[in-house]
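Each of the next two complexes has chain A plus one other chain: chain B in the first, chain C in the second.
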Partner chain A sequence: MSRFEVVRTGASAPDSQPATQRTVSHRTEPANPSAKALQEKFSSAVKRVEVIWGETVVYVDPAAVKQMMGWLHDDPSQRYDFLSDLTAVEYRDAEVPIEVVWHLRSLPYRRFLRIKAQIQKGQPLEIDSVYDIYRSADWLERECYDMFGIRFRGHPDLRRLLMWESYKEGFPLRKDFPLRGRFSRSEQLRQALAQNPEARYSMEELTIADAFAELPTDMRDRLSKGERTGE
Partner chain B sequence: MGLTTPAEHRTVSYIPESQEGWAATRLDFLVNWARANSLWPMPFGTACCAIEFMATAASDFDLARFGMERMSFSPRQADVLICAGRVPFKLAPIIRRIWQQMPQPKWCISMGACASTGGMFDNYAVVQGIDTIIPVDVYVPGCPPRPEGLIYGIRMLQEKVKNERAADKGTRDEMEPDPSSQLYIPPSVIDELGEPFGNSVNQTRSAP
Partner chain C sequence: MARRTVEVELSTSGLDAQGRPQRVPLVTNDGGTAVAVEPPPSVEPDLEGEHMLINLGPQHPATHGVLRLVLELDGETVVRCIPHIGYLHCGFEKIGEYRQYNQIICWTDREDYLNSIGNNVAFALGAERLFGIEITERCKVLRVIACELSRIMSHLVWLGTFCIDIGAFTPFLWAFQRREEIYRLIEKWVGARLTTSATRVGGMAADIPNGWMDGLRQFIRTFPHTLDEIDRVLTKNAIWVGRTVGLGVMTPEEAINWGLSGPMLRASGVDYDVRKDFPYLDYETYDFEVPVGTNGDVYDRYLVRFEELRQSVRILQQAADRLPDGPVNIDDPRVILPPKSKATSEMESMIHHFKNVMEGPRPPIGESYFAVESPKGEKGYYMVSDGTSKPVRWRIRPPSFVNLAAIPKMVEGHLLSDVIAINASIDIVMGEIDR
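Right after this comes the complex of A and B.
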């Protein structure tokens, strides 16, 4: 069976089971059909398409990223329902732009798509957040902001994730960041110890009752019918 | 030829008033014996050293032989803080808080290269040795140390506990560096001195 096909299970499952492809060539694998669909839908915003080791990379215009992701998520012929990773790449060459990378996966179509947007040097490091489309982008975008300093427009709570919130030394994964940080060891330790661990993280436990308003509707329905949660 | 012992080394002198009596030394012996054989560890496992620590506590190496089978996951009932693994700067206030929450008498074992010196993680995110944050009694080398190594460190800590004296008031004092002292070197100078070698060989131990 082809690598891109709707997988049917249960009674409608085909006789042949899907199998992992054994031999993958470097450049000559067929592209993910979503790339062609993207080119037809957003003709000018798609810069180029590459296929590397069977994985399709689509270089897109940073301004169109959010619109594109929304379409990939919602369109019934695409249904990319899973944002598995979001990160950025900075190259050692100072002329090469910083890339923001999204890894999308379509579970019903068994497709994988990598989308890259290049932020040119000299431009502000800003790009649209996809938090409205994928809730999993929340921490991924926070981590990306923490490590690279890329601001995601529209993210509701863009704080540092890995480093502490008052970290002043910069963005550690940028190429101009020294390995040992910018401050001396004693200054780093002094600032780290000045943190109050309880400032942001409460020692009180969050109960289901406290978070009831934020639960998904189906879970609220089940809980309101008296279903026990195992607490 | 220097083979004969100097005369001053052949005599033992002591001041009778400064010595504790029979009752005090026997009481010390009893208390230390009890403490050394019932050290309750507070495991602070952050990395692969914690796996070796689990192996030490499991039946093959059986930490219970040394009275340590009771892992105290609350610092308030713990005697020994065993820091197993690297400590990032973000955890620095937390491990210090845990240390402050432990009641006296308390001891600390720094397990492994990362906890002792930062190890290979000489970078922006990792504390270069937990002795820049809290006092450490025993350093266990290794990456990670084998359970035998940790047990050797624990036995050394037990020896240390057995040699403590209740009359020695200074043992449990937490000393703050005194800037008026002649020996005091400010943290900035220590950083300058250690700057080119600020790694696991020559560390900048200049915590405030």
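Right after this comes the complex of A and C.
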């Protein structure tokens, strides 16, 4: 058979039903039972439950997120002990709220659940951290803050993660952030050249024990004046 | 199916009374197992208050890329570890919002570049769920072959570099020799070695060429021999055991809570493998076992990955035996390009070709999170579509990113030289972590 030949099996094949979105198997799966349990437990905080491509999505009230996650993590009938992923979605339509998305897995019951909280436009981009429940949220929340500017209340160390600490252009994954960055190439180059290449440690690290005393004198002076290091 | 448990058959407890990893001397008894010895008399006490700050990386060869660890040392013991990442950040997820689905596949090569063909498969599966496409049987089996080949490739790089980090040079050469064979197979199939871009939404870029399966069968036949050789050199080697046992221990509860996945999680004794627990590509119909460790230390991670290499060969063997004839691509002109001969001779095919290339296929409004078991762990692609040909959001769930986040927990309290071993055991790829 030729490598690029397409044999007719789908819509054009005789006596076969075309594979459309409605006939594929993962469309018909029932909702995750945890969605119903959540509705019973937190009636008003659960706004909507959807099943899309076999994955159950629960839209929840942003204020109740931490409480719900704690319940899902601890309740013996749920035991969602594994936080797969944490991210945010901003839509191209400026009116649609920003969504924070948690993908949870229950390893004992082999279940998968997606929790979504919508932050309306105009509201402060803040939501409770789940760091206390899932330690894996540490870097995931930092990345989400770095890319979207969503502040996670209660995260102990919410610094930028992928971008450097003195990055001033904003939050790259927001839709109002242009693909090539806010600053021109010349401005980016100017800022890069203006950085202090000696300053290899962040302020946090320089507070460690006696390391500060071992620095060159001029750098110590600059740091004591409160100058931020350029990473 | 029963899961096999790998047991550490070595008589060292791992840690001495001070909590430091116990060194095993260069002697073995007749059975080849290492002999436990009394820990050496305690080293001179560290001077109080003399903490040193050192910078490991970003250009250190043992950090496997541009990872930078700022370590606070008390003598030779790590008191605190602050990782810095982002040196390779290129904004893949942002760029993905400006690309059609088939164009994003080229970007998936470049994140976890040791597993590029596996990423292609993972992305295509995620996009197909979003499009509501069921792929053909032949395509499924070809993708299983692709995934397992790239798992072997990735694990061989891990094994080779891990050996180098710890000081063994020979297994590195053996591993890279066999890896080269896989690269040749991949090159014959898709035309590229590293940046494969092997899949398309709804199928593959190409079917395998004539005679390709013979090459695969030969590889399956000869590869276990190399594994046995490396096994014989490393697994009961006293230096190897001394440098790996008892380091970076994660208990099962910690490993789950820190979000570890893949061999890292299984080495801690949690039997979670996406291929078994949330099967895709009909993995539930293959007969293979998931190795699970008991101690969650560096040595167990080595054993788990090593056994995974053998299991991948088993899967490859079964896939090679069951590869059905038939089409590779689905028959849907909305997503699949027509054959070139038709595109240049038939009006309708030309229109399909034009629309597929210029506008790109459009999924319905929706979202999907598709996770596969990559060599590093659970790799997920989360895509949100608003009905246009470009995703609103394309999120990569990078397994080594989450695994690396636990490195402070793993190295603190260990010696500086053990940081290298622990870091190597995570199997990080910075391209995937920084994206």
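As a convention for this text, the second predicted complex is superposed on the first by the 162 of 231 C-alpha atoms of A that agree within 3 Å, B and C clash if a C-alpha of one lies under 4 Å from a C-alpha of the other, contacts with A are read in each partner's own complex, and residues count from 1 in each chain.
The rule is simple: a contact is a pair of C-beta atoms (placed from the backbone, for glycine too) under 8 Å apart; a residue touches a chain by one contact, two chains touch by 3 or more.
Note that the structure is predicted; figures quoted are calculated from it, not measured.
> Looking at the overlay, what does A:163 touch: chain B (first), chain C (second), both, or neither?
After superposing on A, A:163 lies in contact with both chain B and chain C.
> Of the two partners chain B and chain C, which one touches more residues belonging to chain A?
Here the partner covering more residues of chain A is C.
> In the superposed arrangement, which partner chain does A:176 touch: chain B (first), chain C (second), both, or neither?
neither
> Examine A:101 and indicate which partner it touches, taking first as chain B and second as chain C; both and neither are also allowed.
second
> Where does A:189 make contact in the superposed view: on chain B (first), on chain C (second), on both, or on neither?
Touch partner of A:189: chain B, not chain C.
> Please indicate which partner A:139 is in contact with in the superposed arrangement: first for chain B, second for chain C, both, or neither.
Second partner only, chain C.
> Mind working out whether A:40 is in touch with chain B, chain C, both or neither, as first, second, both or neither?
neither
> What is the contact status of A:55 with respect to chain B (first) and chain C (second): first, second, both, or neither?
In the superposed model, A:55 contacts chain C only, not chain B.
> Going by the contact definition given at the top, which residues of chain A touch chain B in one complex and chain C in the other?
162-164, 172, 177, 179
> Any idea which chain C residues touch chain A in the complex?
Answer in residue numbers: 49-53, 55, 70, 72, 80, 82, 84-86, 89, 91, 93-95, 98, 129-130, 132-134, 136, 206-207, 209, 256-260, 270, 272, 277-278, 325-327, 329-332, 336, 338-340, 364, 366-369, 371, 378, 380, 382, 384, 386, 392-393, 395, 397, 401-402, 404-406, 434-435.
> Within the complex, which stretch of chain A touches chain C?
Listed in rising order, the residues are 1-13, 19-21, 24-27, 52-55, 57, 81-85, 87, 89-93, 101, 103, 107, 110, 112, 114, 134-136, 138-140, 143, 147, 161-164, 172-173, 177, 179, 200-201, 204-206, 208-211, 214, 231.
> Could you pull out which chain A residues touch chain B in their complex?
Residues 162-164, 169, 172, 177-181, 184-190, 192-197 of chain A touch chain B in their complex.
> Using the touch definition from the top, list the residues of chain B that touch chain A in their complex.
Residues 89-90, 92-94, 96-97, 122-125, 127-128, 132-133, 187-188, 190-191, 194-195, 198, 204, 206-208.
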